[in-house]
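The first chain written gets the first letter, and so on, giving A, B, C and D; residue counts start at 1 in each chain.
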């Protein structure tokens, strides 16, 4: 049908998969453009790893669906004949081969001549800032270096799609930051289509063109990182994005993106985040990020609540204050550093800083 | 000498240790009060694990020093005769014993009768919110549950000092947060002296009464979390606390805690953080946290600089902007979410938000 | 993958057939009317009854069991000591392990001969019970050690630190933590020791002195083609059933306790 | 800890002494003037020269090496197939592994007898080269399988996924990734096969037919107390040196390639 326009890098249609009785993927729909960096996030068990394994060809969906890469149907092809390359969570570098031989491997199995594959491996290692390490053994490398070798090994085959399985999973914080920037830069330079899977919110927000939130095998939201963070369509997505202060109620007025929610403790205003327009009378949730709560709120905070301080931790840039309210524990990050334990405090947030969405849907 | 006042929980005097030629600890001094929660932080190789192993008795310092617990000399006692209990990084639960038998173990080797140790194990599991799990096998537990069992096992022996070796190391973010609060609450309830080792800054700041920063076997700073974060005495401590935007220069004026530093690009003001008073003419460093930098600064920012935006990532609550300056790359976290790539921007920070310290010392 | 699976399964089946068809055949012969013909048929228990009344095999069986138990015990102790010690050594580990395993490469009859000469003349040991135990031990120990090293090389020494930290004395650490965790290797070492001693022939030929073990008895009877041969079929069918049952029980027990 | 170390080291030394003193004694006897006296002394090479001119041992040695090579090859192939397949199975894994390992519990002479009966009458194999190979294989296979399982049970199948992902065909994955990584187990299986076949006596007694292997030759010569015994000392000293050197070389080579 789409023979005139170039087909997208990846099309997934109603892909379903189950392990015995347990549903891993439930009619997943996905389309990825060429050169896009798509991140699939979700808690463990949400099906993100199954999806990645199906894309690479290690598993075949057993509940139907279609999978096309560059417009070509892929489900019948074994992994070695798919134009994708994976950077595995624990890198899966070949321990009996040197760094150079690892990087060359994808070319060696394609029958590329030795001098040519040497040159291309050297180039890939150069890009990954590991020039001249060809002779090293894998066991001699640090975690960060292993990850770079895994990237070089995957990139040297010039895949249509690069799959990253929890690429930062095994690295510690400072290395993570450095590599996030590096992967982003690399992807922009080479123009490769990248699909990564992670359970880390920071990485997902920082690195992606687009974010897909999976939950129990279903796509909960598929949008830009900003949209997912600022307009999470479900309570689950809001919680996953760190908007952990939540309450539920009944939507009472809706107009122009601004809605209100009626709870046992009064009415609260916020930005509408549902997929469909808000309908007064339906159940809704309100979610707000801990950083957006303010103690001793002024008039600008149209939403106000009272809570007893359970614990207050110093955290450097601010304190993390746990407030017991009638909606459960609310957490505020506040610049106010005094000891507050046990006191009853008023706190609030602006309508612009909080989202209200549909509780019934999905 | 201190027979009239109760002796502190732990006293470490000039403790030194080496592995072959490599110095692990270099004349470490440390005193911990009863009921205090002390955190030892430092990068890997800083000697923090060696220190913990010496406290527990698994290693004997081979370069001299003293170690007293509750006023009693400990260096000649084997680990099984010291009044400490450790929660190990990977928990080291006994795989051939059930949860209950693991928790009871410390009482069993002390010859406590079976009904009594059953009762105390049940109580400890109750405190760790794992009531009635005595019969479970270790292999059936999740990571978080294993950690709780490890805590119960250590606490049941009522140690004078509880040692925690990277207690959050093997857990993921949400679990981490929950357990941080739990450990803190537990320590306050039971009044146990706790010494923990970690390389995670957030945990260290959130959980501690006092923070000791180790570097290459030496104590760089020993103060409250707030002092360490707001007044890091060395450039290393500043970097470790996340004040990664740094420049060096010559201290030009000093008075009343406010000092200035003269660099190739002019003079900058900040808060003095050195241990000794500032002396004009000496080398100094300036450090400021990414969250404190402001793009398009107003008059309040007495310190201003120019930089070219290399990369800008959306991060949810703000964007992470990398600016190339004459002092290297500066990182700003800014609410300004527009695409800035390639532009030259002015940015600044207030004197109150940045620290200036001594570069020559330590 | 389907064809690979088929090749693997039929290969496995072939090997098992190769092993178990002779065993079944022997069992069939032992209840056959004419075992010496090599063909089963005409079910009878006459040979088993004859075996029960013939007592010649009893003393060799007792000797073999005594020797095998000693060898099993020695193997367990020695493999425990060496298996615990070796992974802790740094430079000496590989050469010492090799030195322990090398006797595998020396033919059994040679070892028998050497042991005879060596034990008799150098160490002054008289041929008999203890020379049999020692020579069987030398034969079985490499296998026992391998069984032990598989377990000890994966042993997490942090568990002993944890036990010490909780107040366990070195003795308590050994009996309550280390021993139970090393049990699979220990049981393996004991099984190797027992079975390899119980079935050993070539070394026994040289160092047995006046003692007759079951393999020596079997061999003597079988090679003389005497009228006792049908009884040998019965005896060995029984032995096979018993040692199989004992091994399965032991491994099953082990599997349950370490789960 | 110091005393524990001492006990371990002296125990190890004792075991090594028990093994190697007889070996050294044999070597000394082989260059002694009166080997049959059991005491070394009076250095001479006369027995080695006699061995070189006596050719009786050559044909048995060649037969033994041929058989041992066949067994080693069979063991490597069968252990590779079973060792790869077993860890992938779920329910069948434990019982099948047990079925493979159980022949260890059957005495060698019994196996010999059964194999004789079984192979001869059921499978119709004539006694000779192939019956020796098969009976040695049945004996050595459990050991070869254990050696293989130690390696395959730790094998990271993610590496095969990674190779497939990079475009390697099943054949390439097998030869370029799996085989090199399983090499230690494979070499172990081959070594067990070769050595256990090369030194096997009790089964050979029954199934050798007209073929004489080196252990059979040794045994025949040694037990007849003929004048050939000094030559046996020489031959076996040589065999011991050779098989030790070969094992050390093989394991050393393996250590280098897998580092």
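By definition in this document, a residue touches a chain if its C-beta (ideal position, glycine included) is under 8 Å from a C-beta of that chain, and two chains touch if they have at least 3 such contacts.
No experiment lies behind these values; they were computed from the predicted model shown.
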Original post:
Which chains does chain A share as contact partners with chain D?
Top reply: none
**OP:** List the centre-to-centre spacing of chain A and chain B in whole Å, with centres computed as mean CA coordinates.
**Re:** 29
Subject >> Distance from the mean Cα position of chain D to that of chain C, given in whole angstrom >> reply: 16
Subject >> Centre-to-centre distance between chain D and chain B (centres being mean Cα positions), rounded to whole Å >> reply: 57
**OP:** Please set out, as single numbers or ranges, the residues of chain A touching at least two other chains.
**Re:** none
Original post:
Can you list the chain C residues in contact with two or more other chains?
Top reply: none
**OP:** Draw the chains as points, connect those that touch, then say whether the picture is a line, ring, star, complete or other.
**Re:** ring
Subject >> Pairs of chains satisfying the touch condition >> reply: A-B, A-D, B-C, C-D
**OP:** Would you pull the chain A residues touching chain D in the complex into a rising list?
**Re:** 56-58, 78-81, 84-86, 88, 90, 92-96, 105-106, 108-110, 137, 153-154, 157
**OP:** Report the residues of chain D in contact with chain C in the complex, numbered from low to high.
**Re:** 5, 7-9, 11-12, 15-16, 18-23, 25-26, 29, 38-39, 78, 81-82, 84-85, 94, 96, 98-111, 113-115, 117-123, 134, 137-138, 141, 143, 146, 150, 192, 195-196, 198-202, 205-206, 214-215, 218-219, 222-223, 232-233, 236, 239-240, 243-244, 246-248, 251, 255
Subject >> Residues of chain C touching chain B in the complex >> reply: 156, 158-159, 161-170, 172, 176-177, 180-181, 257-259
Original post:
Which of the residues in chain B come into contact with chain A in the complex?
Top reply: 172-173, 180-181, 184-185, 199-202, 205-207, 225-226, 229, 241-242, 289, 291, 311, 313-317, 320, 322, 337
